[in-house]
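Look for chain A in each of the two complexes below; its partner is chain B in the first and chain C in the second.
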Partner chain A sequence: METILEARGLTKRYGATLALNSVDLTLPKGKIVGLLGPNGSGKTTLLKIAAGLLTPTSGFILADNRPIGEETKSVISFLPEQTYLPDWMTVTDCLEYFTDFYEDFDSKRAEDMLGRLAVPANKKMRTLSKGTREKMQLVLVMSRRAKLYLLDEPIGGVDPATRDYILNTIIGNYDNEATILISTHLIADVEKVLDEFLFLKDGVITMHDTTDNVRETQGKSLDELFREVFRC
Partner chain B sequence: MLGKLIKHDFRALSRTLFPLQIGILAGGLVATLLTVLTIRLNSASVAAHTSSSMLNGVLMVISVTMSVLIGIAIAASAFVTLLLICMHFYKSFLSDEGYLTFTLPVSTGKLLWSKLLTGIFWVLINAAVLFVTILIFAVFGTSSAGIANQNVLQAISMFFTQTLPEVAQYVSIPLVVIECVVIGLLALASQLLEIYFAIIVGGQIAKKHRILAAIGMYLLINMGVGIVSSIYTSLIVLSEGAWTITMDTAREAGVFFLSVFGWFGLLFAGLSVLFFLVSRSILKKNLNLQ
Partner chain C sequence: MAWQFSSNRPIYQQIMDEIELRILNGTYEKGMRLPSVRDLAMTAAVNPNTMQRALSDLENQGLITTQRNAGRTVTTDETAIKRARTVKADSLAETFLLQMKALGMTKEEALERLAGREEKEEEHGNNT
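This part shows the complex of A and B:
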């Protein structure tokens, strides 16, 4: 099976804190993978390193068989927790920005999704609610025909209806050739869409398996297994 | 991709800098009108051999105060322009917007080039706007009779018809102009890159109060650059034979200064390359957006 993301001995330190501890990881193409773990387990750090926003302390990471850099950024679509679109930009400005920089950006798809959200094209980001801005970012990120999507807590801190919208958007725009790595601690909500999962605890991957295997061999849901593994 | 980066950086900066430049021009025109009004009121009082009436006095105080305030605002606009350029750099690279900037499929070098070129462009626009504003004030705001001040117009005319031809006997004017433009651009680039470098290093060493850290770093770096520049200048002036050259003729003096300016160009170019390469290296190898 072809690999889209590979890490070996990946380590990240913030001063005395070890955020990632010698992580070895291989993700295949065409899968939806859950990056699961409690707060502070290193999920965001792993995603940011893959997106090229953090530099690892040691080890290496390859995306699409290339070191993280200009080329990998053209095939990776990253959704951070932060709202990163400039306040002064209008919806149209954002679409133009993504069209200019990403060859794989499907503006028609984005316009359709935004139309369903009923966000006026001339609205500036600062006038949109936090929830709408988050949806806007998700639409932009998922409107790319990327090879790897890195989604950092896309359903954290939103109401159940929005959660459904986000998950439907992710699934509805998912290309079978692409891989989605989605970080969350809301296991029950995403469990149904995951092919594989990674448990991350204190910067170490403690388990990497398929969701089907967990159900078949252990007779448990992923949510139950998570609660068991990460019991305080 | 560099063209696209420049387009979007230009658009982001134009949002605040374009209205600012329009404001400078408008403020300059208001200051010009108020100053003309003051001069005319004063002249009228003198011509009538009467002391200024109460109304004239009040109008003059208001006019002078307004003109001075507008003048200060115009002078401060150069600083505000530079501040807005730096804030744009900070926001694009070190705030949450950095998540957008650094996930673009472009090289770090191109990101820096775009910020540098758009920054230089707006500083030059600001300089041009200030020059035009001051020229309008000098020509139309200082005249006590007629619309334009004939003395100023004559001085400008003399500069082109007498001064320049005289200077041209000793030095090549096109060469001087080219040298001044190139050295000016290099000086501007090195100054902007020094500020960008301070912002980047400030962002690296501080998790909170990054702007304060950047200001501190700038002061520190500027001190270092000042020391290096002083040593360099001394060496250049000595090597150009400042103690032995007679400079008896204007030609000798012209050649000496052109040569020294050339060495300054080299210093600015060196500083620009140094700040650019170190900034790029930090962003490429040690980016840590948290």
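This part shows the complex of A and C:
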């Protein structure tokens, strides 16, 4: 199977804190993968390194067989935990911004999805609810025809109905050539959409398997396994 | 409405059960064209890859066929559907008998309960 993301000995240190400790990782193309771990386990650090927003202290990481940099940014679509759309931009501004910025941005797809959300085009970001802003940001990120999507806590902090909308947007826009890496600690909500998962604990990947395999061999859901492994 | 899944079995197997049931009880009629993988995945709220796997396995079992150009359709092969229904019914009957046995009942007693139950259902049906 072809690889979309590969890391070897990936380490990130913030002063005395070891956020990632020699992570080895190979993600295939065409899968939806969960990056699962408790708060502070290093999920965001790993995603930000892959997105090219942080540089690792040591080790290497390749996306689409190239070192992380300008080139890989054009094939990676990153959804940060906090939205970054400026308050003063309208919905139309945001669409134009993404069209200008990303060659692979499918504005028709984005408009269709925003139409379903029933957000008026002239509304400013400032006036939208937190949930709507998050949906809007996700629609923009998922409307790129990227090879790798990195979604940092896309369902954290939103109500269950919004969560369903977000997961549906992810499923509905997924093309089976692309890989989606979703970080979350809300396992029960995402496990139905995951092909594979990674458990990240104190900066170390402790498990990498398929969701089916866990159910098949252990007869339990990912949520149950997570609660066991990460019991406090 | 998203489909409900239990936590102890792989999701693709549970999807297979659900679609098989729909074929056996006629919700998905013989020869009917199935929705696309993506649409089915969205309705069930599952990963499209998982849906794909379930459909391929059902295809291997002969309940679904892939038409060039027409996508996936429910088989028109009556025998295949009958066979699948018998297999399913046998497995349900076996589960029933095992549970009755666990209650301390013989097969005869179990069947007696079953027969009595059917009459009750009919009575109920007549009254309404």
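In this section, the second predicted complex is superposed on the first by the 232 of 232 C-alpha atoms of A that agree within 3 Å, B and C clash if a C-alpha of one lies under 4 Å from a C-alpha of the other, contacts with A are read in each partner's own complex, and residues count from 1 in each chain.
Assume a residue touches a chain if its C-beta (ideal position, glycine included) is under 8 Å from a C-beta of that chain, and two chains touch if they have at least 3 such contacts.
Just so we're clear, the structure is a prediction, and the values are computed from it rather than from any experiment.
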Fit or clash between chain C and chain B when superposed on chain A: fit
Which of chain B and chain C A:L53 touches, first, second, both or neither: first
Contacts of A:G172 with chain B and chain C, given as first, second, both or neither: second
Partner chain(s) touched by A:T83 [first = chain B, second = chain C, both, neither]: first
Partner chain(s) touched by A:N39 [first = chain B, second = chain C, both, neither]: neither
First (chain B), second (chain C), both or neither touched by A:E71: first
Contacts of A:Y102 with chain B and chain C, given as first, second, both or neither: first
Chain B versus chain C as contact partner of A:N122, first or second or both or neither: neither
Distance in angstrom between the closest Cα atoms of chain C and chain B, superposition on A: 27
In the complex with chain A, residue positions of chain B that touch it: 1, 4, 7-8, 11-12, 15, 91, 96-100, 102-107, 285-290
List of chain A residues in touch with chain B within their complex: 14, 48, 51-55, 70-71, 73-74, 76, 78, 80, 82-86, 88, 93, 97, 100-102
Chain C residues within the chain A interface of the complex: 2, 5, 7-12, 38, 41-42, 45-50, 52
Residues of chain A that touch chain C when the two form their complex: 30-32, 164, 167-168, 171-172, 174, 176, 192-195, 211-212, 215-216, 219-221, 223-224
